[in-house]
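Take a look at the structures listed below.
First chain A sits with chain B, and in the next complex the same chain sits with chain C.
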Partner chain A sequence: MSAASAKARPRAAAIDLSWPILLFVAAALCVLIVLPVSWLVYYSFTDHAGAFTFGNFLRLATDATFIDPLVTTVIIATSVGAICCLVAAPMGWLVARSDMPLKRTVRVLVMASFVTPPFLGAIAWELLAAPNSGLLNQLYSSLTGAAPGVHLFDIYSLTGLIFVIACYTFPYVFVLVANALDRIPGDLEDASSILGGNAWTTARRVTIPLVLPALLAGALVAFLQAMTLFGSPAILAIPAGFHTMTTKIWSLFQYPPKPELAAAASLPLLVLTVLLLRAEAMILGRRGYSVVGGRNSDPRLVRLGVLRWPALILCFMLLLNPVFLPYGALFNAAFSRVPSQLLSLQNFTLHNVDFVLFELSATKLALKNTFLLGVLAATIGTAFALVIAYMTARKAIPGHRALGFLATAPVAIPGIVLGVGLFLSYTRPPFVLYGTLWILLIAFITISLPSAYQQLQAALRGVHPELEDASRILGATRLQTLGRITAPLLRTGVIATWCFIFVSVIRELSAAIMLFTSETKVISVLIFDLNESGDLAAISVLGLMMLAITFTIVIAANRIPGFGGDVRLRNA
Partner chain B sequence: MRNEKFSRRNLLKGSAALVFGAFASPVRAAPPEASPVTPALIEAARKEGKVAWYTSVDLPVAEKIAKTFEAKYPGITTRVERSGAERIFQRIGQEYGSRIYAVDVVNSSDAAHFIVWKRDGWLAPYVPEDIARHYSPEHRDADGMFAAWRAWLSVIGYNTTLVKPEEAPKSFADLLDPKWNGKIVKGHPSYSGTILTATYQMSRDLGWSYFEKLAKQNVLQVQSSAEPPKKLALGERAIMADGNEYNLFLLKESGQPVEIVYATEGSPLIVGPNGIFANAPNPNAARLFQSWMFTVEAQQQMIEVGGLRSLHALATEKLGRKPLKEIKLMKDDAAAVERESEEIKAHYTQIFHV
Partner chain C sequence: MASVELRGLTKRYGASAVVDDISLKIEHGMLVCLLGPSGCGKTTTLRLIAGFVEPSAGEILVGDRLMSSPQRTVPPERRNMSMIFQSYALWPHMTVAENVAYGLRLRRIESGAIKERVANFLAAVRLGDLANRYPGELSGGQQQRVSLARALIVEPETLLLDEPLSNLDANLREEMRFEVRRLHDQYRYTTVYVTHDQSEAMTTADLIAVMNAGKIEQLGSPEEIYDKPRSEFVARFIGASNILHGKNVDEAHIAFDGAKLRCSGAKLSSGGMTSLSVRPHDIRLSAAPISGAENVVSGKVIRQVFLGGHRDYVVETAGGTPLRVVAPAEQNIAPETAVWLHLPPECCHVLVG
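Presenting the complex of A and B:
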């Protein structure tokens, strides 16, 4: 017996573990995705006593308090989609295809709006454009001498909400458009001009058709983001007296909780998301655009001439809204005695910083939880995504297609819906994870998996398989090869993915708000809490800390996640 | 005088049963005895090293009180879990539903919650000496499960730079004047226990039609009862229809342009009890905290830095603040709020759409 096992040992070490790993990964993905969605569906078809019913859907379809939020959500999502295209397309073109100065800076600033948590942006815009106390409205009335009560902006309104959501959604469209434009070979445009086409003809006949799919896809992504966003509507819509679908779902979880209705209200969001993603895949997957991707020559830059500087000014004017103004407002509120007063020597105070750091007993716990979850989610998520990406990119095992599908499936689950699903799954035996950091970890990994997977798969395509083959021929297993050859070659991609997940964990709110308990609070939830009691100064300090951590991570990575590959940051 | 001596003697003997029994309804077992703070309790609390206080009192006030306790008993960290009373109630319900026992001491601005928690057997009996001696029976539970830690009012307020005193509303009815359209801020009863309690009292005394008319005034709907005063101070709205009196005291005393109006119809009285949970993870620290919270020293601090009102017999009101007995009050009725809370929230949502 002992001889047999001793003999078997060296063989065991060399056994290729890919099959067990495939099974493990597939099982894990099922637990991450299938379990919460099943509970969601189950709950939506049961009544309070647990019997089968269509009653929940019937109530959704007939009750105005559900129909109104649905209509509002569609209005918001459509408007945001349109606005994002109008802003991002010209800006993307200027950055990718013109000789506008400071293009790099513009890209960095768009990236800054990309990583800014949307709920933080919404609170900052409260400081800027609350009808009476907003800094911009005060400026307006002091300049024009407008009567009290007359204001320029009202952020607590449908248009205000659409504006703020668009501020933090347009980068998605920008990334898609700019990347597509970057990849259009200059040859095609050169050919057009050689054949006598002027600049406008070239744009109309060559450039625009080639970039249109990316723009359409961008519009869909923006629609999706706006539809599934929770933080901004909760902060701006409720004070104005209306709900969106996400805030409605969340309110159904308030006391007395109605999980059946919440589950039923989640399903339309889920179905819509799946349909839109199918549409996006169809648009991007259509034949005839294969040229986008193969890069033959550098894109030709259009000379703007005298318009160079006005173009840049336009970009900066647009970037005032997501970056300069909100950051300024947060900074002002953090150090000013009254958040609605401009900072001066008279009202400068460190009290707010002191309060957040030394008095607020939730700060330390929330910081610790956020860091822990960020590091764990980023590490496990990256490792997980790397294994899956490797298996699908190298077609390592049969079933790799299914694996790839499962890994991207969470993209179709809005954060708040995932939160509801996970809550329903893990507050009951056998897996009682509610109240632990595990449930949040599961949520964060699930949410960031699709983009991590896509990023790493793209990176893997850049590593030639012959290096791995050499390692395999020399006797290494797949895993050893992955660890010793592939992973080091992918270092930049892996680090970028890690940072990317870390940053998305920091800004996640919609799933966390459903899953936290008093001891598992994260910073985003703490900020949301503070907003409900109107502690704007404390929020500003925490928000600036959050931004500082985010930018440190991004800069430390020395590479801007989101601008290298086809990535998608999820909603907060 | 007779009562005072009577209770003192009994307390010294370690048996307060007679005193409690004299006020309490007859159908009950002997209420728990008053417990002094002993060195053994302090030592046991220090060993636990921490206490979690779930409360709905405005965050800066809560943290100040927690810090004072920490200074008084070094080695015990206080974790303040602050949210709206209705959120706190939901949070504890959700946590207990999943067998997460994280809360030690709770303070809610919705006294009705204590009726539910007591009925469910979630509270632990504990009577600090101060409660036995200096709190009248109507302000403490006969079975020693909780006592009124703080009291305050939900009031009307206005921003003095935006509204002249002579033009300010005097009553709830005045708030329905079209001139206040778009100028009013108010809290939400699904978040705030203060607003829920006030909404109950006002709908009882003024009728729901009052709220139906108020909803047409295009109000800014915030959540916490601590936020309308802050929105007033910012100048974001000129009038607050409901919200904490204590925040307005604090803001006014720090020089902010806000003023309180006690409505001629009466101001809703809010009582915020404190109690210990039976499954408290830090039972000794919880008792020490509870004992300290009801000392005249802590109550006086609550008045000074919190703007709240104390029901401690020896506590004195702060000069410059209108004494409670001079204010016309609406009557609080926790039992009724407990019965009607769901109905009130549903009705409110129907009227105000959120």
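Presenting the complex of A and C:
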């Protein structure tokens, strides 16, 4: 082996790009996050003329039209949190720790309710349980012969709203609980048994304390989701004649717009979200959640015996509500001449499909906008998140902590609040972006940044730093290493993140509803509009298309976002 | 031809110094082991030499090139070094051949030549028929050899090894120790080898630097380190050792358990306390009083175990100090029996640390 040729030194590195990149990323993060929040705070403390005032907050605190929505929101969020725990904890346990049959199917179905946009679920439940036309109510009166006007369910009510929100929020708790149970090694329970603990003692002293933090955190997340949700309350509460905080904020932008009040009403939502997230982090960060030590043995499964099938039936009964019934109702409405009639050979029609695809001029535009925004947001967002995740995971530059903090900060900004902030920021010079797709792009990137960042950081943590060091010491610069070693190793993580952002863009409503104009409608906004005009058949067609796209991408990504990772889909 | 020199090298994280004012000169072609317990700063020292970490103070020179100083650090890719990592760090998305060829590709060597050299090198580490496998399909020992080939094929001036054998099972580890030494002798690069395993250090190194708490406790050949440990830490870390404490009597004797022990090594100051190190197999055990000899201490057997080739005794001296003694297998003395120990003066080393 001759010495001559290899002695050539690797080529000198090009210019060190880390500082320009850092500055660019930091500036971009500031524009994305600090700018809208600053305008929000500024507006909330000024009056029409732009003078400093506490008047906005004073009005919020004294005016019943603001206090009522606040009380309603707290009632909804608390009930949803409680219901979700009651449903998700036993279901999570059955799936993770029992020998119930068809466990994978149950997981997949919960995942299906997870990725169903909540506003779509709300509309489906309109089809099912509107006081007179609802399919379930019709079924009830035909079975009992009840007089017209007497109905079993009224979805346009506080309980109806709580029910629908809970349907699409319980997966958050389910994921946390099932993951926690999956991670408890069977050894821990075996150790209790060998010391003389019977099944019940073991559950009470070992298993339950270990999952309790996850359950508590899940309750907080459910509370948070219910509190910041816009779509379902807008669809169900407004016809019922009451408001939640989010719909109230939205209504303040209807004519005549009162941006100062909207800004002031957004701040409590923002503060509450920050506090709840801190509480969640505290609960999860302490003992118990991450089980330490040794090789993990498989979780021990509890034999249910004769209860195996009843348990499965219970799960399916519960899953009727978020999945089977709503999907059925959407399917029914899409192909039926009258949405409120059951599909039969007589009233089967493709007219709705034809109408949505070819007659409704808004569809094409909305589809185009949604795809354009989805692809752009996913591409830019993934690239951006990758750069930040690399810099923080590898501590590549000073100030990486601040970058990580900024990248995760949007998680604390509810979509509707971000919408208000962006509206206030970009309707005035120097950046007039309102009315363009850019403002929606900014919103979507900001919203998906935290999860994308966390997902990629987790992926990067799976790439041993020595793999990069080995490349450096053999003569590759940092950028060469990033291109030849790190990027190929992260490929699956990057693809998963891309798909995840794309899917969350498709289902996003709460920020889009604040920012769209007639030329920049997206599918979710179009569905919301059609709901106001009562065109449920068209919605069903659009909704099924939306679900089809979502499921295709989720399955194609071959990784279910949120199941297994720390990823969190936002409610729309 | 490059020596590696560390001058007052220091690395602080916050207030704590992980590497604390280390100076060390490694001549070209030497194999130096940094040996110490985990957390002693040996890996940080290695990463400082590689350029992955910037020093807080001091400098690193390779030959007469200044590589690292607090002001300026040459990046790892321009140091003409190679490194073998504890995890092997083989890239899972590249085949064995691609892994090994990586460094040559970066040096823009023409591809025919790369192919030939990779084939030669893989043959040299007995991996010729595995060239197209992926690292995940190899055993630990094979992975280790791939990482050796990948590091050596670029013909570095300096080779750094970070606990390279700690993930191998005992048999392979022994084999690879000699392999590392053989390759070093064949190519004669300057090698810095980090390990916490003293026998690994003994078998491979020209010089051993025993590190503790960010400092080099002792630098010397394996024989020096073993026979003449300078501090209690080194004596305990390298092989088993008995540590005896006593008051200084004169410049060559200490008082221990009523006996006067003559010791070797440094001269003692008057009036102070001194610690001695005595290896268990240097102590002679006797069931009968030893008369007329110096350095004799009495005690009784606490326990003993038969280990095939020898017996391992714990003897408690009259003053209550337990001493380990290695005695011939046929010398079988029951516990609780009174015994006498002879500690040869040339084996009683004064510890200064």
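By our rule, the second predicted complex is superposed on the first by the 550 of 572 C-alpha atoms of A that agree within 3 Å, B and C clash if a C-alpha of one lies under 4 Å from a C-alpha of the other, contacts with A are read in each partner's own complex, and residues count from 1 in each chain.
Keep in mind that, in the parts below, a residue touches a chain if its C-beta (ideal position, glycine included) is under 8 Å from a C-beta of that chain, and two chains touch if they have at least 3 such contacts.
Here the structure is a predicted model, which is why all the values come from computation and not from measurement.
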Chain B versus chain C as contact partner of A:398, first or second or both or neither: neither
Contacts of A:470 with chain B and chain C, given as first, second, both or neither: second
Which of chain B and chain C A:429 touches, first, second, both or neither: neither
Per-residue touch tally on chain A - higher for chain B or for chain C: B
Chain B versus chain C as contact partner of A:361, first or second or both or neither: first
Partner chain in contact with A:532 - chain B first, chain C second, else both or neither: first
Chain B/chain C common contact set on chain A: none
In the complex, chain A residues that touch chain C: 1, 3, 5-13, 464, 466-467, 469-478, 480, 484-485, 488-489
Touch list for chain C against partner chain A, complex: 50, 52, 75-83, 85-87, 89-93, 102-104, 106-109, 113, 117, 120-121, 124, 147, 150-151, 153-155, 160
Touch list for chain A against partner chain B, complex: 65, 68, 130-133, 148-149, 156, 237-243, 251, 254-257, 338-340, 355, 359-362, 365, 427, 432, 434-435, 517-519, 529-530, 532-536, 538
Touch list for chain B against partner chain A, complex: 52, 54, 58-60, 63-64, 66-67, 77-84, 86-87, 89-91, 93-95, 97-100, 102-103, 162, 182-183, 190-191, 219-224, 226-227, 230-231, 233-237, 256, 342, 349-350, 352-354
